[in-house]
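Each of the next two complexes has chain A plus one more chain, namely chain B in the first and chain C in the second.
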Partner chain A sequence: MAEYKWPEAEKRKYIGKRISRVDGPLKVSGKAKYAYDINRPGMLHGKILHSPYANAKIVSIDTSAAEKMPGVRVVKLVQGPGTTVQWAGDEIAIAVAADEQTATDAIRAIKVEYERLPHVVNDEKLEAVPAANKRTTQEFVQGEPDKAFAEADVTVEGYYGNAIITHCCLESHGQVVEWTDANNVLIHPSTQAVSSISNDLAKALEIPAGNVELKMDFIGGGFGSKFQIDRWGTECGKVSKMAEGKPIKIMLERDAELTIAGSRPSIYAKVKVGAKKDGTLVAWQSEGWGTGGVAGMGAPPLPYMLRTASGIPNIKANFSSVSTNTAPSRAWRAPIHPQVAVITMGALEDLAAALKMDPIEFLKKNINLFAPRAEIYSQELDKAMELSNWKANWRPRGAGAPGSTKTVKRGLGVSMHTWGGGGHASNCDVTIHPDGSVDLKSGTQDLGVGTITVLNIVVAETMGLPMEAVKIFIGSNRYPASGSSGGSTTIGGISGSSRRGAVDALNQLFAKVAPTLGVKPEELEAVDGKIRVIASPSKSMTWKEACAKLGSQPITVRGVNRAGDRELSSSGVGGVQIADVSVDTETGIVKMNNFYAVQDCGLVMDLKTAESQVFGAMIMGVTYSLYEERIMDNNTGRVLNPNMEFYKLAGAMDIGNMKVHMMTGKGYDERGPVGLGEPPTNSPGAAISNAVANAIGVRVPTVPLTPDKVLAALAGKKGGQSNAKI
Partner chain B sequence: MQKFEYASPTTIQQAVALLGNQWGEAEVLAGGTDLLALMKDYVVSPKRLVNIKDIKELKGITMTASGLRLGALVTFEEILDNAQIKRNYPAIWQAVSGVTSPQIRNMGTAGGDLCQRPRCWYYRAGYGLLAKDEKGNALVPNGDNRYHAIFGNEGDAKFVNPSSLAPALISLMAKIKVAGPKGSREIAADKFFVAPKSDTEREYALAPNEIVTDILIPSASGVKSATYEVRQREVLDWPLATASVALKLDGKTVKSAKITLGHVSPVPVDSEAAAQALVGKTINEETAEAAGAAAVANAKALSRNGYKIQLAKVAVKRAILQAAG
Partner chain C sequence: MSSFTKAGDEKPALPESEPDLAVSRRSFLKGSGLALSVPLVAGNIRTVKAAGQDVKVHGPNKVSITLDINGKKQAATVEPRVTLLDTLRNDLDTTGAKRVCDRGTCGACSVLMDGKLVYACSVLALEAQGKKIQTVESLAQNGQLSPVQQAIVDNDGQQCGFCTPGFTMACTALLNKYPDPTDEQMRLGLGGNLCRCGTYVGLREAVKQVAAQKKGGRR
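Up next, the complex of A and B:
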């Protein structure tokens, strides 16, 4: 009888092995179809008119000229006169036409009169933000911080922060929606939530949830920005109805994508940290602020990882939320973690430098403060030191690592991070057909994490079948509901549901064939395409022969993983990253030499896609550390760089050499799979910022570490200025 | 983009006859790497597009004892693939190699590089070449000017000249040959670019019905040249500052120098001061540094582009050292 628990290492045929993404060939050959590629018969195109102003009251809208244009089918207001738009890019109206250009001409012909109101779009200079836009969201105290600072042997003060970045999905947000009849709707979206956004669309269109069918084979990036149906999604359904149900495609233009479709909050902080002479961390104090748009933002956990009962004993952490006239932030791959890592790990590195300690030695000295993952971090720090040849390459701050020249300084920096990542609620149906074929259906999605591949691995592993004997169907809300892909919950969730479904289906098959083999079902196992008796492996039948016993009726079994279920997966991981950079001190340009990641995610389901996911996170990390920034203009209230020209991303030659090591074996495997999407994205900013500080001998306060800031930090160093006062 | 008429002439005379007497009526299409994006963003909306890619006379690279001729339609990739240019005119070859996108290299042309429009984000967002809001307030001085001019920014134009080739061409004393309805004329490369005083003017010395036909570079025999671009990324990225130098040496002593800065001013800056700082000197780290300092002595930062002064200085220093080998 097959069991749910994951097979032991020596019995695993696919789990934890290096298996190529099964949908890779479709993607590289262009055969994979994304929402953007969907072209339905008779399809019309919708274009959105966005507000040019960051804060303005709509006085009047005249759509008459647009409506009269030949080829225009629908002109619909999204927000009418009297409404106040609170960020540039907010949706005002939609025009639908037979082709994109006519729809564009139509929205350009709409005349809107605005009454402009004052706006605030930048928050780094907190003193320049009006009082009405600021509120305190956190006044946290633990222990006796004032006393602890008074008794500390060494304290350092610094200013650290993160500019706002966007999600910048390669495939912009959008969808194709059509009414297949008077009551039923079909949507092809680009979404991280296949099983849930159809319900939001149904609600908006006032039809039963079951009347919306959703199909999505592939998604071109989400990173936390595609959980909602979004107003452009519901409006797409409404204008389709107005156009006799014709399919309508609305995809955001690149400028809108970068302006309104998701951003990561800024977080800045003035920090003071104190330690004893031997490096023991005793006190933390921070005055932070940041914005997530009009609504401001909540209270981030500072210090990162260390604000626990077993963390830094004495903490004072205040935070101010700033409201700005910018589009609302969205969850960004490890919400808040990368920003608080930059602040926390930056301050700790500065403290280690003041103590004249190797930062890894400093972290190890304080490793127990990082409970409950102290042991994992210890092992990972050792591994990362080995990969980076830390002892040979690291030099004290400003001394210049080997290879430094008069102008180009090399430095190494380290950071640690954590994340939860327990599996989400997931359902799937596993079917064994009488002809021996096997399939799995689940309303999940593959954001690129390898969902399809891992489902395939679990079913094939469980049934003792080759990978290609199993077919995986996902991306439809008509399949059993599965959680949205966010918070690194997918692999944990779908592994659990598919394992249970496959085990239960297999046990039903065992029950069918046991009499033929003359044993009880629990005496059987499925190995190498055979069903055989465990105690006497020569007594067997082929998988095909076994399935033929089913007669005409296939076996279909529902596999379930409940949210919070910790039988097959768990939550909580640790990771360590080391960055090795070179800084041109004459130009302020930072180049990546090497970047090392050591990552834990419990039981690795597919080593190759796991490593790929970490590589992806590291590349994203290099990009937000060195280049990415949403630049807001105080004059116009608009995003100045809503394009791929000045919204800078790293290219292949900018990322340096990368090495990933996944922690496996005892202490890891028995925890079952844990999500991996977010964790490795958390440390790059801190590790790279620390490497730059190590190279040039001074902290560059905020990411991205652009040449202007690096040069300013170097100039400040010459002038003997301190980083910040609290 | 707005609808337009598309003309595809096969001779220069036909092409110029198809261009109007007013800027904006018609636009010249070569590689289209800039123009099509401008049209899609409604920054320019010509009534007519004159495609010059079918004009054979505008193609080809010729090198003779008297110099190098680049047809206006020569692509960046053709320049990169030309070993003679690499050997004899390294300043040009290095400038082109800074454009790291294979797509742009394959499509972008030498003539188009000279005539492309500024990358100023206010201009590209529809606030006009001189970047003013509805009330006529200048947006650059109080706005985000991190990529704007550090020289020649006293007037209304505060963008930087975007040409990759211009600094090298000016340093090598090239001439730009242009054709109009009345025939051809040659413009010295350092006179080709102008700072516009109104939104209806252009940044180059062409008449609305003239096109660039040839780039003529005198023989570089005995000239040591180089271009150094300060770019943040290896992937396609605009330089933050560029310097091209052309040096003539007498033994180890600099006999003459021509040093031009790009991406720092509405027109490339031909720095006589930097050249003078070098003449009569032997090239080393110190003299190159001094020339860099001389080059930026009169630079004037806007509110947040002071760092570009340092970058321009470094670009000059490194271009000199690179040229001297």
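Up next, the complex of A and C:
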């Protein structure tokens, strides 16, 4: 009889192996259809008029010219006169026309009169932010920080921070919505929440939730920004109704995507850390601030990983939330972790440099503060040292690693990180058909992490079938509900539900065929396309023969994974990354030489897509460490770079050489699958920033480490001088 | 669904044919599959004298055009300002090429035009007439992925897949020109495309795999 628990390593045929993603061929051939690609019969196009001002009252709106334009079908206000818009890019009106050009002309013809109000759009210079826009969100104390600093042998003060970045999904936010009749709606969205956003649309359209059908085969990036129906989604449904139910496509233009469709909060902090002569970390103090837009932000946990009972014994951490006239932030791949890693691991590296200690030696000295993952980090630090040949390549700060020249300095930096990643609630239906075919249906989504592939692996592995024998259907709210893909919860969740569903379905099949084989169901196993008796494997029947016993009725079983279920998956991972960079001290340009990641995710389900996740996080990390930044203009209150030439992403050859090592085996496999999307995103900023400090002998305080900041730090100018004072 | 109209939809009549483009209104409507409710203001090509020469002026309203897409002649009626990309995606339901930056930066819309890699967002549909356009949809033959496509699958040079068609075309063009590209050629060949998920490691390996196959061995 099949059991839920994951098979032992020697019995795994697909789990943990390098399996190519099963939807790969559709994607490389252009056949994968995204919301942006949906063309429905008679479809119209909607365009959004956005506010040009960051803080303004709408005095009047004149849509008459737009309405009169030939080809325009609907002009609808989203926010009417009297409303105050609080960020540039907020939606004012929508125009719908037969083609995109006409709809664009129509929104240009809408005349809006605004009464402008003062705005605040930048927060790095906290002293320049009006008091009304600041509030204290955290005053944390642990132990006796003042006393501990007085007694510390070495104290280092520094300034560290992170500029705001955006999600910059390549498929912008949007959807196609149509009314299939007077009461029913069909939506093709781009969403991370297949099983939930249809409910929000139904509510907004005042129809029962079951009257909304949602279909999404593929999504072109989300990274935390696509959990909501969004106002452009509900408005799309409303204008479709006004256009007598016609399908309407509204996808955000690139400038809107980069302005309103999601950003990661800034976090800055002035930090003081203290240690004993031997490197024992004794005290932390931070004054932090940051913004997530109009609503400000919460209270990030500083110091990262170390604010626990077993962490740094003496801590004082204050935080101020800044409210700015910018679009609200959204969850960005590992919310808050990358930013607090830059601050914490940067300060610790500066402390190690002041102590004249190798930073890895320093981390190992304090490894018990990183409970409960001290052992995992120790193993990972060793592995990362080996991969990077740390001992041969690392040199004390400013000494220049081997290969440095008079003007180009090489340096190495390290960081560690954690994340939860326990599986979410997930349901699926597993069906074994009398003809031997097998399918699984679940209202989940594949953001590119390999959801479809992992579901296929689990069912095929469980039933002893080839991958091709199993068909996976996802991306519909008409399938059993499954959690949103956020917080690295998907693989843990869907692995649990699919395993249980597949095992239960298989056991029902065993019960059907056991009499024929003359044994009890619990004496059977499914291996290599056969159902066979465990004790005498020659007594068997083929999968097809077995399924034929079902007669005309297929077996369908609901597989369930409950939130917080830790039987088949668990939560909490550790990772270590080492960056190796070269800095041109004449131009300030930082180049990646090598980048190493050692990562734990419990039981690896598919080694190929798991490594891809880590590579992807590292590349995204190079991007936020060196290139990307949302730049706000104080005068106009607008984003200055809402396009892809000035909002910079790393290119294929900007990333240096990369190596990923997944931790597997004892201590890892038995924890079951743990989510992997977020964790490796957390360390790159800190590792790269530390590598740059190691190379040039001075901290460049904030990421991205753009040439201007590197040169300023080198010149000891403001913004670069505050660090590493003993 | 039935077709809904309102006063604003009434348009000047479409001319019966465009002799110089050899596409009749009838064959265009048949070929394009467009509903009759779509406003059509096609066919206004005028000839004016400029610097003593006869110059064709298109538009400003919609004009009928024919494009050679993946070896098939396809008709569309578009305003002169409409890009090849939008025509492919909105009028011809050929959606492999993606619209991302829409201004020649990210390469998601890359297609081959007379064998040369171009950004379809930066070519007007009118300009693409008489040129052979190959999109990502043309690469697989008889259900068999091209070596570049197969290598991208093998090396997992894709995640969400939205940049993938563009990269697939860029890798194809690179390897057509340089069967065994140097790092510098690869930098230039892949440098015109961007990915947000971070698939560059797999993409670089994919290019190397195809190059190695072309040399008669696998790496």
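Just so we're on the same page, the second predicted complex is superposed on the first by the 717 of 726 C-alpha atoms of A that agree within 3 Å, B and C clash if a C-alpha of one lies under 4 Å from a C-alpha of the other, contacts with A are read in each partner's own complex, and residues count from 1 in each chain.
In the analysis below, a residue touches a chain if its C-beta (ideal position, glycine included) is under 8 Å from a C-beta of that chain, and two chains touch if they have at least 3 such contacts.
Quantities reported herein were computed from a predicted structural model and do not represent experimental measurements.
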Partner chain in contact with A:711 - chain B first, chain C second, else both or neither: first
Partner chain(s) touched by A:652 [first = chain B, second = chain C, both, neither]: both
First, second, both or neither for A:641, with chain B first and chain C second: first
First, second, both or neither for A:589, with chain B first and chain C second: first
Partner chain(s) touched by A:151 [first = chain B, second = chain C, both, neither]: neither
Touching partner for A:627 - first (chain B), second (chain C), both, neither: first
Of chain B and chain C, the chain that contacts the larger number of chain A residues: C
Contacts of A:670 with chain B and chain C, given as first, second, both or neither: neither
Overlap of the chain B and chain C footprints on chain A, listed as residue numbers: 101, 643, 645, 649-653
Contacting residues of chain B [partner chain A, same complex]: 1, 42, 100, 119, 121-122, 124-125, 127, 133, 137, 139, 142-144, 146-147, 230, 232-238, 240, 304-307, 310-311, 314
In the complex, chain A residues that touch chain B: 101, 108, 586-589, 626-627, 631, 633-636, 638, 640-641, 643, 645-646, 648-654, 706-708, 711-712
Residue numbers on chain C that touch chain A, as the complex places them: 1, 3-4, 6, 8-11, 35, 37-39, 41, 79, 81-82, 86, 89-90, 93, 95-103, 105-106, 108, 135-137, 139-140, 145, 149, 152-154, 156, 158-165, 168, 183, 186-187, 190-191, 193-204
Residues of chain A defined as touching chain C within the complex: 20-21, 23-34, 36-37, 39, 41-42, 45, 67-73, 98-102, 168-172, 178, 180, 218-223, 243-246, 253-254, 447-449, 608-609, 611-613, 615-620, 623, 643-645, 649-653, 655, 658
